[in-house]
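Look at the two complexes coming up: subunit A is in both, with subunit B in one and subunit C in the other.
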Partner chain A sequence: MEPIITSTLCVGGIGLASAAALAVAEKYLSVKEDPRINKVTEMLPGANCGGCGYAGCADYARKIVNDNVDLTLCAPGGSECAAAIAAFLGRAAGAVEKRVAIVLCCGDDTEAVRRAAYNGITDCAAAQATAGGDKGCTYGCLGYGSCARVCPVDAIAIVNGLAKVDKTRCIACGKCVDVCPRKLIKLVPAAAEIHVLCSSKDKGPAVKKVCGTGCIGCRICTKFADDGAIVMDGFLAVVDYTKRLTNEEVVAKCPGHCIRSDGAGNKETAAAS
Partner chain B sequence: MNTIRSPYTFRGGIHPAYNKELAAGAAIRELPMPARLVVPMSQHLGAPAKPVVKVGDTVKSGQLIGEQNGFISAAVHAPAGGKVAAIENTVSASGRACLAVVIETDGSAERQTMPALKAWRGVDRKELAARIGEAGVVGMGGAGFPTRVKLSPPSDKPIDTVILNGAECEPYLTADHRMMIERAGEISVGAEIIRHVLGAKCLRVAIEDNKPDAIAAMEKAFAEMDGDVAVTVLKTSYPQGSEKQQIYSVTGREVPRGGLPMDVGCVVENVSTAYAVWDAVLNGEPLTRRVISVTGDAVSEPSNLLAPCGTLYADLVAACGGIKGKAAKIISGGPMMGFAVGSLDVPTGKTASGLLLLSASRVTAFTSQACISCGRCVDACPMRLAPAELSQFIEADDIEGAEGIALMDCIECGSCAFVCPARRPLVHHMRRGKAAVMAKRAAAKRG
Partner chain C sequence: MEYLLLIVSAVLVNNFVLSRFLGICPFLGVSKKISTALGMSGAVMFVMTMASAVTWCLQKFLLAPFGLDKFLQTLTFILVIAALVQLIDIVMKRFAPPLHAALGIFLPLITTNCAVLGAAVLNMKEGFGFFKSVLFGFSAALGFALALLIFTGLREKIERADPPRCFRGVAISLVTAGLLSLAFMGFSGLVK
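This part shows the complex of A and B:
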């Protein structure tokens, strides 16, 4: 027989045998998966950020369908996504409050002092482990971009030695919150516009020595803020995000210039960014 | 008593420029008592001591100010009389925040010490170990492991050899070297006490062969001692002073992975620790001061200062004639294992053996490049690790992967980074990786 015919028959035979084996496997060994899981996966945003706490969108969809987990865990999808899935599955959806990450420090390299020259690995945790970091302030942003590197949507940029979050891109997955060695990043309601951008718990004179825009613990803001919307944690003013803070006056009154508004009311920061 | 030239030496290691001549000839000088002392509560390995004084209290020199807080912990005493001005957080040389008692010294000569114990030979071993613990003695070579714990090994781990570590392999530092020359008699008695407490047969004094004067001084001091005593001369090589490497170099025994020196019947104590043991037992003195080398080409008079623990680095530098020219880099400890510090407002502690000030001509900022897989770090690693591979795991944030190839066995000696032709900051990667593993383990413990 011609070699060409032998090989054709061999390959064709193997193909047929395999196809038969697969057909049998399909019939007897197939795992039945709920078809709704695929549908729900398609409804989720597909960012695979892991912000819900599960291993990506498909895993979250599986847990929604099989284990009835909460529909409101997907921050990128928001309320619309939760409502759509709820309608599809015939379940009730709660409202998803849109949140964004914010870096609670505004001491960039112009305002804050660096007490040493750091030339080690470009990583905040590594810098922190070297004599406690090179920043004069032991609470402030080190600016080596560990948060920017873990961000799945490139929402964080390092500007003049300070991490800044782009509110419009942030999907509130919380990866930056976990990676920051100084625990400076918080997830806050996206609707909140006024923030105390300082995390230093030091007393006023100590803060002034290392930063031009730190909270000195003067308490002035607590007098102007809407009822209890700013509270003191020792020598640091902290916004209580469960309350609504709208009084823009606190921004102007802050002698440390660390209370900033990212709403339309504040032209200065709008122009700066 | 005889002198042995050791037939062994550990695998790997490096030969950096030692630069010991800067301060090796400088006799130990006592630092005038500073007006303000910042005494950290964590001058040792383990749990920080718990302050037992309040702000405003008047303390006597030698009084207990921080009590031992757990099994692996050590007591802290006031180096001088004065008033407690504050109890506040300070940043240690390694960058960790820790509680410190700030004392404004008043120059009073009144002392509060334990009674002297001249006839120690008749005293129960446990009692001696307790007394050494009460005096707050810790390992003064660098790690600061409480000596009381080392001197109380479990009964199933008999100790047959005490090694007195006088290698001082770290470049520039000369504190132990000067101690061996100037305090040889006291060190020999301290070593004998340690041997007595452990019931060990052999005593070996390990010194590198680049310190002939220290070898001569130790030979003289130990000449009259009974039993199996010898000065072991080791090959000059870094890190010869590291515990596990030294045990191999002296005895040929290898400490198993994850094990302790007592697993091979050894205990290693630094020569300065032996001096502190002598002081604690024979004079009842707690450990409140130590010799520290202030050296480098950016200090006017490189010196070996006997300084109270809690002296700010700024006071040490001032006592050495100040900074010569401009210091480009300041390192707490030696150049290999020390920590670069960002300010001189850092207090010394029981483990601070050196302060190094280097001028710009001695400091280079390298640009790190990709690993070229040459394997020189593997040859240099005295722990037989593969630093190149470890660092790549850590760079990729694969902490489990790094842990799997023995990341935690790294002793951070810096030999790998020293030989790396691509100038990779290998030790920095290891420290970061080890910190991540420790954080992970702590989180697992919390649940």
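This part shows the complex of A and C:
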């Protein structure tokens, strides 16, 4: 009988002693955190994407409560989230414009030529560092998926050697924008439907030599676009996203077929969901 | 000299991860990025050293006098180490916030890690004194950190490489771990 009693007492005693020590420590040593921080953390989307510039949602919540940081930094949460937090904290919220990332290139492996066979590290920066990349076009998407790997919500897929962003999943955290060695990815307003999917600043003949769907700088689109919504940057047409471009005619008129509208695609996905 | 041999033995020859196969879970779990591996290594070193000290006292002053060390060791060690880690967590948060920010999230992960428990049990099995126990705990953790950091470095490289499809991910990691263990076998016989 005796070993049973001593061992029971012993384990029970250790358990009680540790519990007491922990209870005392919790009571006298624990750090008091502002309870609002937890509430705000719960209101944030919890994706921990880091798009706001802080280390995750909890860190952003701490900065919001303690340092009065701007509420509009959270792209995934958007205006609703900012408004909810503003109401909770009794502060004024600004509007968050919903944005999405877009890859400004449409030269996939069918349309654009590759001038070399690259079989090094599967990484765009590495390919770019190897004699300027294997793509014939020195502006276009290399297609080695650095952006897809860095995306926290798997919104980017490499289709036929070209990165494509799924608008419905993108949370506009901007990680792909930073990682693309050719700076092809931009954050644009989600409402914009017509884009010039080319970034080549080369002259027309040079573009045509390497890509079937490049901007040749013909300026036709600027004539059809609504009041200055497409501007020329050298030999490249660029959409001015501060203006609203709705005239679908530019899509049909573009001889390079690099102006695309994803409005129809959006409607399809909306109908499906 | 004796202490030096103890350190060499725990770090290289009888490496906790690669030749005793303790602590495999964090070894595979947190070895994707050097920064997290560093945090984990720090936390393990901290906890293992503390745990060695505390469990030695427990064994010497409570279990051995009552003759309970034969069958209550594992249970009480787990209990005490878990409580200790919680306590460290609270104390650290209060008095050393930067340290807590660096190690905090790893502490709960290793409360009852088998490497930590293994160090404590081995200490008792070898019949080490107090100082030797603490030293052994620390150097075992050092060995763990070494193995973890080497492995993480390798995995970071492999991440960028292009292995055959069937080997991608965990498979190639396990193969790497095996080869690393094999490499550490080269130290065997160096110290008893």
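Convention: the second predicted complex is superposed on the first by the 263 of 273 C-alpha atoms of A that agree within 3 Å, B and C clash if a C-alpha of one lies under 4 Å from a C-alpha of the other, contacts with A are read in each partner's own complex, and residues count from 1 in each chain.
As a working rule, contacts are C-beta pairs under 8 Å (C-beta built on N, C-alpha and C of every residue); 3 or more make two chains touch, one makes a residue touch a chain.
All of these numbers come straight from a predicted model, not from anything done at the bench.
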{"item": "Which of subunit B and subunit C A:25 touches, first, second, both or neither", "value": "second"}
{"item": "First, second, both or neither for A:121, with subunit B first and subunit C second", "value": "both"}
{"item": "Touched partner set for A:252, first subunit B, second subunit C, both or neither", "value": "neither"}
{"item": "Contacts of A:10 with subunit B and subunit C, given as first, second, both or neither", "value": "second"}
{"item": "Touching partner for A:138 - first (subunit B), second (subunit C), both, neither", "value": "first"}
{"item": "Shared contact residues on subunit A - subunit B and subunit C", "value": "119, 121, 123, 126"}
{"item": "Sites on subunit A touched by subunit B in the complex", "value": "115-117, 119-121, 123, 125-126, 128-134, 138"}
{"item": "Parts of subunit C lying in touch with subunit A, wherever the complex brings them together", "value": "58, 62-63, 66-68, 71-72, 75-76, 79-80, 82-84, 86-87, 90-91, 93-94, 97, 160-162"}
{"item": "Contact set on subunit B toward subunit A in their complex", "value": "91, 93-97, 339-343, 365, 368, 425, 428-429, 431-432, 435-436"}
{"item": "Contact set on subunit A toward subunit C in their complex", "value": "3, 6-7, 10-11, 14-15, 18-19, 21-22, 25-26, 29-31, 119, 121-123, 126"}
